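Report on the following structure.
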Amino acid sequence: MIIVMSPRATAAQLQHVIERIEALGYHAHVIHGSERNVVGAVGDERGKFQLQSLESLPGVDSVVPILKPYKLASKEVKAEKSIITVGHVKIGGPRLVVMAGPCSVESREQVMETAEVVKRAGAQILRGGAYKPRTSPYSFQGMEEEGLKLLAEAREATGLPIITEVMNPREIEIIERYTDIIQIGARNVQNFSLLKEVGQCRKPIFLKRGMSTTISEFLLSAEYILSQGNRDVILCERGIRTFETATRNTLDLSAIPVLQGETHLPVVVDPSHATGHWRLVPPMAKAAVAAGADGLMIEVHPHPEEALSDGPQALKPERFIHLMEELRRFAEVAGRTL
Amino acid sequence: MIIVMSPRATAAQLQHVIERIEALGYHAHVIHGSERNVVGAVGDERGKFQLQSLESLPGVDSVVPILKPYKLASKEVKAEKSIITVGHVKIGGPRLVVMAGPCSVESREQVMETAEVVKRAGAQILRGGAYKPRTSPYSFQGMEEEGLKLLAEAREATGLPIITEVMNPREIEIIERYTDIIQIGARNVQNFSLLKEVGQCRKPIFLKRGMSTTISEFLLSAEYILSQGNRDVILCERGIRTFETATRNTLDLSAIPVLQGETHLPVVVDPSHATGHWRLVPPMAKAAVAAGADGLMIEVHPHPEEALSDGPQALKPERFIHLMEELRRFAEVAGRTL
Amino acid sequence: MIIVMSPRATAAQLQHVIERIEALGYHAHVIHGSERNVVGAVGDERGKFQLQSLESLPGVDSVVPILKPYKLASKEVKAEKSIITVGHVKIGGPRLVVMAGPCSVESREQVMETAEVVKRAGAQILRGGAYKPRTSPYSFQGMEEEGLKLLAEAREATGLPIITEVMNPREIEIIERYTDIIQIGARNVQNFSLLKEVGQCRKPIFLKRGMSTTISEFLLSAEYILSQGNRDVILCERGIRTFETATRNTLDLSAIPVLQGETHLPVVVDPSHATGHWRLVPPMAKAAVAAGADGLMIEVHPHPEEALSDGPQALKPERFIHLMEELRRFAEVAGRTL
Amino acid sequence: MIIVMSPRATAAQLQHVIERIEALGYHAHVIHGSERNVVGAVGDERGKFQLQSLESLPGVDSVVPILKPYKLASKEVKAEKSIITVGHVKIGGPRLVVMAGPCSVESREQVMETAEVVKRAGAQILRGGAYKPRTSPYSFQGMEEEGLKLLAEAREATGLPIITEVMNPREIEIIERYTDIIQIGARNVQNFSLLKEVGQCRKPIFLKRGMSTTISEFLLSAEYILSQGNRDVILCERGIRTFETATRNTLDLSAIPVLQGETHLPVVVDPSHATGHWRLVPPMAKAAVAAGADGLMIEVHPHPEEALSDGPQALKPERFIHLMEELRRFAEVAGRTL
């Protein structure tokens, strides 16, 4: 932590800052500058809230953190990439993993039909929402346990592991009973109570970046899960909120190499929620593979114009099959398989 | 809902859109334009997810909603302003309500000392966090029930009603037992499970706008609570996330008149979290009063440089007392009392 | 400038960084941390581009500037507030200055009628655009010199100094001949060629913050003008671009106290462009006064529904007159006059 | 244009809106809704400022544009893709075009060395700035005409056409004399005076998207150039400003397919300015190719740690050569050559 003093700070103010730093168990190291002094607080700054409060002291201009605030998520603690195993599927290894399926589970026909298509196209995991976070209370809220049963039935029929979202700590138990991967949605990325509770689950956690979550905050949310003992965390970039309205969100693909420089956890991209328009999904899926993503989450619906949620962003079966063929070629050039 | 057809749409595509609109129970009304046609879908569009999915149909360019998506929160359903009563305090009436206290409850001394100051200065409600949403799992997480007891003790001593935050549906019961107002923090504004559960509480809910929540989404989050039967919702603007880094967030004071044009619910402003720096709190508090806010939430700490969370944004007691005097004069000019 | 080394940096890499720092004329000062080292480069970092390039060296993680990048705009160089004189009007002094008038000059009747109203209401400066920056080439582009003549005629008739915008360096000469204050619009805030040229004018410059300009960049744009010898710069906050669409821009009122902490230059607020809706102008104008602004720029049009640009945000004459009366009371409480 | 009436609008207010629409030369078409009425204004809405001003009329809630505001840039006017020819190079055709070189021209050695490398690696155009837009007036401002001469010399030596930026209308003439493509930088994307003047040049214009420019506004800026008669406009996505600070800007790759759906103009991506870090340039360059870009602009510098501007984002020669080899394989899979 670097404490930047004001140009008008007195010697007594500087001395007081030094004393507070040392009282908090850090070593203070002053650099006398041409216009102002700065003080380095040497020590592990991760329990840093108290150092930050030094900003309130007279003569202090600002407090600048130097160390990364996350530990278990960082490559400094674990240099080799994490590979997360779900049945026969390995996420984070050389083979790219595609998770596909409908936004919401709506009926047995819809789930079974989509699961068959998804499997035939070469996707390895089936996605589908049973408990749905909807902006409006008047929108379809999901089939709940009935939906979980349909997903399990589709797994039975196709052999594909399933992923579904949890929103409420009270529902973790029932969801964990059915699903293979537990998804935390973008709106819950800083629902710290939920993060702590899924950190105690034995199933892998798929954590979506929030609409206004910085990469550093995103890794701290992963750290919440990891610090509870669950080491199987998959990160998902799904678009951030910006001023641009031509797309539902702005897909931040540079998050892939930035994350890969910081963490050992696998990084998956969801081009469906990021763009909100099915026409934009194929180019963004290919771009994600080229940028080094470990996998993709893609929405597929047999009849998008009748979907109960997010119809405009779902691919029809034949388009998804075609996309998978294209992706295979991009994966190869990127040094991966699919 | 207005369905905008593509300039190249065929007559058959237009016909299919009309049929789908009518199949969903709406009346279709075509306007033949100079370059493209648009179709109005007449009817209550609030259960609108299905109309939105028409965007997937061939020949459709976009789907534009016309009606506001919220009902119970809107002035169209309830034109007169809602006044929410907490003990002797009325929120939303002619008298401005100031809620003040520490970010986190840290000790009996800290809470009792702050409560006394806050009361003496003329604030009407005591704030303090016992369960804390912290970006890092290594930061202080709050005193939990112990903290609730200290808040209750401070209420006993001063007569001030208290407000504290709930993060986990499992903790609603215990928090409701102690507190007078239940706060939903910015990070949980779209934690729909939590919103539904507090919608069944009998205590008023203080709902903070999220860092990237539009005003329309914010009102839909209020609608979640209202639609469960709890009509006592207080809205709080606390800054949104932008590119600017000189302040912790960007306080969106224009949200006050925009909200007041849309909803009957009271609107409170939190300049402490919005700016992140105590020096900026007084000017923004005055500006909020001038812009028509119904109240303020302000952080006060007897020793900000030792605070376990958010020290830089807390006012010292003497500065808070001075600010309250200034605010009284602004309130008067704004046609309110304090 | 603080150079943060990577945790894996070698001693040789650290040594090379030290040598480069000293070769650039700075003094290098190393702090050996618990996990990584940091190097302070002591000296005036304002010609800093070369230090920033050290980020390319092996073993360097990041380069963090410490000093403010602006000089002449800063309070460190000039502690007392600048007061800018335009005829009888002083901007930055105890009396608030209101600049009002139409977005565009459209006709003699419109300008003369508005100028009379504006003067009667107590505004001190008349605004009006003759050269208009319009997003579309098919929108009205302004009356050009004809418009300047009408503004001058209105000044003649009312005694009000005038302010108008310049977009092209080639038009500076003609605009300077007519106007009392030269306005640089938000879209030209980083049009450095234009800034340099108006820096050589003898008339005061009214510089609007851009839609995505940080406060630090805004002051650097002012620095461009100041460094050419023109010391009369007035800063104007007019809203920044965010994800919120309920308002045209998001008015960042916290910029007022932030700027006042950094610079001696006067700060004016434009609530018309910030909000884009006339209903929101009065509350935001009052809030700006409460937050400490030195003045306001407000659009007034006798017939907003017929305006050739920005009609929705213009106040009708009677509403403007009423607002000025209200503002007078807020100014008084804020310790100012109007 | 759709005029949305307020739910409380009277019949007289509706009638007045209809009259105003017809007075402006449009045909009014009313849809009577369940809660509110909407009025379609049928006709070419591109000279639309006056319709927008209807928002000021009593009883009007909002005005929603339906038609795209640009004409010449749109695929509706020109369906086939534009191919822009610069010497032997074709931009927008099947072969991808890479423009590479230093941020700033700094010396003969630097330019010549870089030009050789860039050519050897297979890039087709040499970039280099002679007039530099720098945030600070104290940063290196470019070698000006001396720099143009060095670029021309490098063209002589290598046969590569050159591209360089213009900032001031007064410098168009001299720059046009030396360069093959004229670049308009991100900060000047809404410098409408400059756009109009380069619209009269005979050289192709390379237009960078601004940091906070929507795609629709970006196309309107292109329209400014096109409407002056210059049909050779190349669009460049170079990152937009968001809350994320891990990268210099957020590269919006979804802009590629969105633009390709709207316009016939070629789309190039600049991953160097978008990310600000050389490590992120290769993955983002590959992603841009996968997403369908027509070309790339990449910064290359023989000694990035000594660069006078933007050193951290420049690739060293050997890294650029390696990247070009990788890009060739991605181009092939994307159905292009390089």
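Residue numbering begins at 1 within each chain, and the chains themselves are lettered A, B, C and D in the order written.
Simple rule for what comes next: contacts are C-beta pairs under 8 Å (C-beta built on N, C-alpha and C of every residue); 3 or more make two chains touch, one makes a residue touch a chain.
Just so we're clear, the structure is a prediction, and the values are computed from it rather than from any experiment.
Peer 1: Name the pair in C-D, B-D or B-C that forms the same interface as A-B; by residue number, over half of the contact pairs must coincide.
Peer 2: The chain pair with the recurring interface is C-D.
Peer 1: Could you tell me which pair, A-D or A-C, is linked by more C-beta pairs in contact?
Peer 2: Of the two interfaces, A-C and A-D, more C-beta pairs touch across A-D.
Peer 1: Centre to centre, using CA atoms, which chain is the farthest one from subunit D?
Peer 2: B
Peer 1: How many Å are there between the centre of subunit A and the centre of subunit C, using C-alpha atoms for each centre?
Peer 2: Once rounded, the distance between the two centres reads 38 Å.
Peer 1: What is the distance in Å between the mean C-alpha positions of subunit C and subunit D?
Peer 2: 25
Peer 1: Can you work out the whole-Å distance between the CA centroids of subunit A and subunit D?
Peer 2: 31
Peer 1: Name the residues of subunit A that each touch 2 or more other chains.
Peer 2: 212, 241-243, 245
Peer 1: Where on subunit B does subunit A make contact in their complex?
Peer 2: Subunit B residues touching subunit A: 20, 46-50, 52-57, 63, 69-71, 133-140, 167-171, 187-188, 190-194, 196, 210-212, 217, 220, 223-224, 227, 241, 277-278, 304-309, 311-312, 314.
Peer 1: Over in the complex, which subunit C residues touch subunit A? Could you list them?
Peer 2: Going by the criterion above, the answer is residues 2, 4, 7, 29, 31-36, 38, 40, 42-44, 64, 66-67, 76, 241-243, 245.
Peer 1: Across the complex, what residues on subunit D touch subunit A?
Peer 2: It is residues 212, 214-216, 240, 242-247, 250-258, 261, 274-275, 279-280, 283-284, 286-292, 329-330, 332-334 of subunit D that touch subunit A.
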